[in-house]
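You will see two complexes here that share subunit A, one where it goes with subunit B and one where it goes with subunit C.
== the complex of A and B ==
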């Protein structure tokens, strides 16, 4: 298990649901939107925090996007709201494209645990609210691409070696045969910055939740092994070049006083690879991922506590990186 | 009822058009519809099509969701439906889109009445013992009940299968 942690960053399952007899978002009024928020919040019980997006700053909204707790689409909704558990492993977007989009994110490859959590939450809400459902199309969603299970299962993976070898195009093509799509760190259309890729199921109708999860779980495991083997093979074949490149990246990471987010991402990917090859130690994959999210633009803006220019932002980012990586040592 | 276009296949899709001020019902089969006559994939406007087909000037009445007023034209623009009833009201137009996206048209998995897929799956895989024969019959009945949307019977059958499963497990231990 520990083995694939160098490749598998996190697991995510999302369910889309709509409340029966309430029109979908584009035809909704304020009263209906209010009811969705109140009813769902009442249904799930204690231990959750409710955040109405209209009450928080633009920077705070952007940070929620960077943390993958909400989608950029929620920012477009007039009545968008978010419910979070204390650990922030469960987040429920309200009045996004669908009335309810609940998700569970867990570190590593953890589909059965994530599904158990989200299924429990779903049942809890369903016991209080009637969902829009059709015996042919399953759970009904605003967009026909999400009907059926309404489920999107995804896994975030760090794939530097396969990318380096130019094999991602083939990998993506192969995965599409199993109904899986591949996106970058921040979803649709986003670049695979830092060699981070998100695998997710495309089809939601006519396949059961279990089948969807099995397919993506097996593919992720297979891909993780492929990545680890490829990384080892590259290192074994080009020892000096690999060490030179990764240690140079470490040198920059440790000493830079100005880092833009693109450079940070690519260096961080090298450090990650160096740790997985046993060249560096003293930092965990979770810490590296946390750094990646904390060093995104909005998070830095928040840390600065006011208006800053790009130079100042890149300076703060470099400082953060130096601090976060100070315990890294040569193995 | 036969398709107005090919006059061969059974018509499953119905469209109201206005010819010289009079309403007329048109009927066609899936195949002709898929060829680009109606719904999302049409190559030219419905008016043009019916005009050429009938040799007269025609107007179509756009299919609309009775609950929220959503039309097919709007749906094509936004890709989003207006309310849950749209799926029922506009089913024949949404069906090809769903078939196209998902490659299938019927939901399996979790339902508001429970998740039956696992039960069916489990029994389809078991070997032909006496107990399993009974379970097999039950799993067929379960499938039929679900198809008929008789969820009450489905729940009862599912519970019976569960008992058999437990008995079998107890025997094996």
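== the complex of A and C ==
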């Protein structure tokens, strides 16, 4: 399992649910939206924080998107709200496309743990609210692609070696045969910045939760091994070139005084690969991923505490990166 | 004076002389060539090393060229030889284009000291050998461009800021009005790799040694100030961009695992500039220049001790650079 941590960043399970007594979002009024927020917040009990999006700044909203705690779609909702646990492993979006979209996100490959947590939460809410459910179709959702289990299971994977070898097109084609789809760091249509890919199920109807999870769990494991083997093979075949490339990235990462988001992602991916190949040490994969998220544009803007231009933003990002990577050394 | 050291690398004075009793090189036989070597070596006294080029390897010959101790032309001579003092500040080429070409090379801007040394040597040889001399023209040389003083005075200057601003074309044009010419690191036709330029006099006839030296000394001083002012102005105007560029070069220099000669020169020029702007410390200009010469192709080949391919050569160079720059730190 430890071995996968170099490739599998995080596991996420998301359930889409709707309250049977409330119209779907497009036909909803403010009173109904209010009820969804209050009823779900009451149902889940203590230890959670409620954030109503209309009460926070545009930058804070964007940061929640960067942290994968809400979808960009929630920003479009007039009555969007978010419930978070302290560790931020559980987040519940309210009044997004569906009334309720709850997710559990955990580090590494951890489907059974994530499913246990989200299932517990789901049952807790269901005990207080009546879900829109059809005995033939399963859970009913705003968009037909979610009808059935209403479940989206996904893994975030770092695949630099397969990308470098131009093998991702084949990988994506192969995975689609198992009903799996591959997206970039920030979902559909987003680029695979930093060689980060999200692997998730496409189908929710006619398959059980267990089947979906098994398929994606096995595929992620297989892909993680493929990636690790490919990385080792590239290194064994091109030792000097690989060390040159990765150590140069390290040198730039630790010394740049301005870094745009795209370059930061690309260098961070190289550092990550270097750690996984045993060339660098002094930082964990979790710390690298945290840095990746902390150095996204909105988070930088927030840190600056006011209006900044692009040069200032890239300067702050570089400073943050230098600080976060100061303990990394040659292994 | 100290201030110039960031710009003026070295001062060189070279005198071309021929022995009146021996035919010029194109009409010379082995016996005459032998006489030149033996007579000059006898004349200069103890403490010098004599190297006959036919006795050393092609790599060793090329290293002497890289070190500016001989010209590439000496390699074409059948009877070429070299006399060196221990410090290698004095080198005397024998049977190159002229019978005798003696040079003194010193660090920094040091024309009076260099002239004193070379003049002493010249007088010592002249006291034992009769030079080809014409009362109207002065010293006679194989090529008419050297007739007169037979003297070539030059300074090696590091001019990154003027180069960056695209001002070297104007500088070269202005200097030519004073009878000065500008070449790259390895003489005529060579590129200004590492932003290194050699400034030297074009005219040897109808001017005195003192006039030549005054002109080039003043020009070098003026140019050194211009370069230093330009570098400071660029930095003041573009602080973040300049630090970003120079610190990135530092990061690459200290971490690259392969470096070709051209990139090495370019990075070394950035490190040099960073030291002169007070951004980096822990290495002297002399050490940087020494590294530049030590990391040239033939010197690397010699260090490898046998046949190597390009990748191996660039790997050894990068290793040498990492070793030589390990004490450099942010100021």
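Brief remarks on what is shown
In the analysis below, the second predicted complex is superposed on the first by the 331 of 331 C-alpha atoms of A that agree within 3 Å, B and C clash if a C-alpha of one lies under 4 Å from a C-alpha of the other, contacts with A are read in each partner's own complex, and residues count from 1 in each chain.
Basically, contacts are C-beta pairs under 8 Å (C-beta built on N, C-alpha and C of every residue); 3 or more make two chains touch, one makes a residue touch a chain.
Fair warning: this is a prediction, and the values are worked out from it, not measured in the lab.
With the two structures aligned on subunit A, subunit B fits next to subunit C without clashing. Contacts of A:138 after superposition on the shared chain: subunit B is touched, whereas subunit C is not.
In the superposition on chain A, A:23 makes contact with subunit B only, while subunit C stays out of contact range.
Of the two partner chains placed by the overlay, only subunit B lies in contact with A:97; subunit C stays clear of it.
Legend: residue contacts after superposition of the two complexes on their common chain; A:248 is shown touching subunit C, with no touch to subunit B.
Within the superposed three-chain model, A:258 lies in touch with subunit C and out of touch with subunit B [touch as defined at top].
Applying the stated contact rule after C-alpha superposition, one finds that A:315 touches subunit C and leaves subunit B untouched. Which of subunit B and subunit C touches more residues of subunit A is settled by the count: it is B. For the pair subunit B and subunit C, the minimum alpha-carbon spacing after aligning on chain A is 48 Å.
Note: no residue of subunit A belongs to the subunit B contact set and to the subunit C contact set alike, using the contact criterion stated above.
Within the complex formed with subunit B, the residues of subunit A that make contact are 18, 20-21, 23-27, 97, 119, 122, 126, 130-140, 142-145, 147-149, 203-211. Those residues of subunit C whose C-beta lies close enough to touch subunit A in the complex are 240-241, 243-244, 247-248, 250-258, 311, 315, 318.
Note for the complex: subunit B touches subunit A at residues 67-68, 70, 78-84, 87-88, 94, 97-98, 101-112, 115, 117-118, 121, 149.
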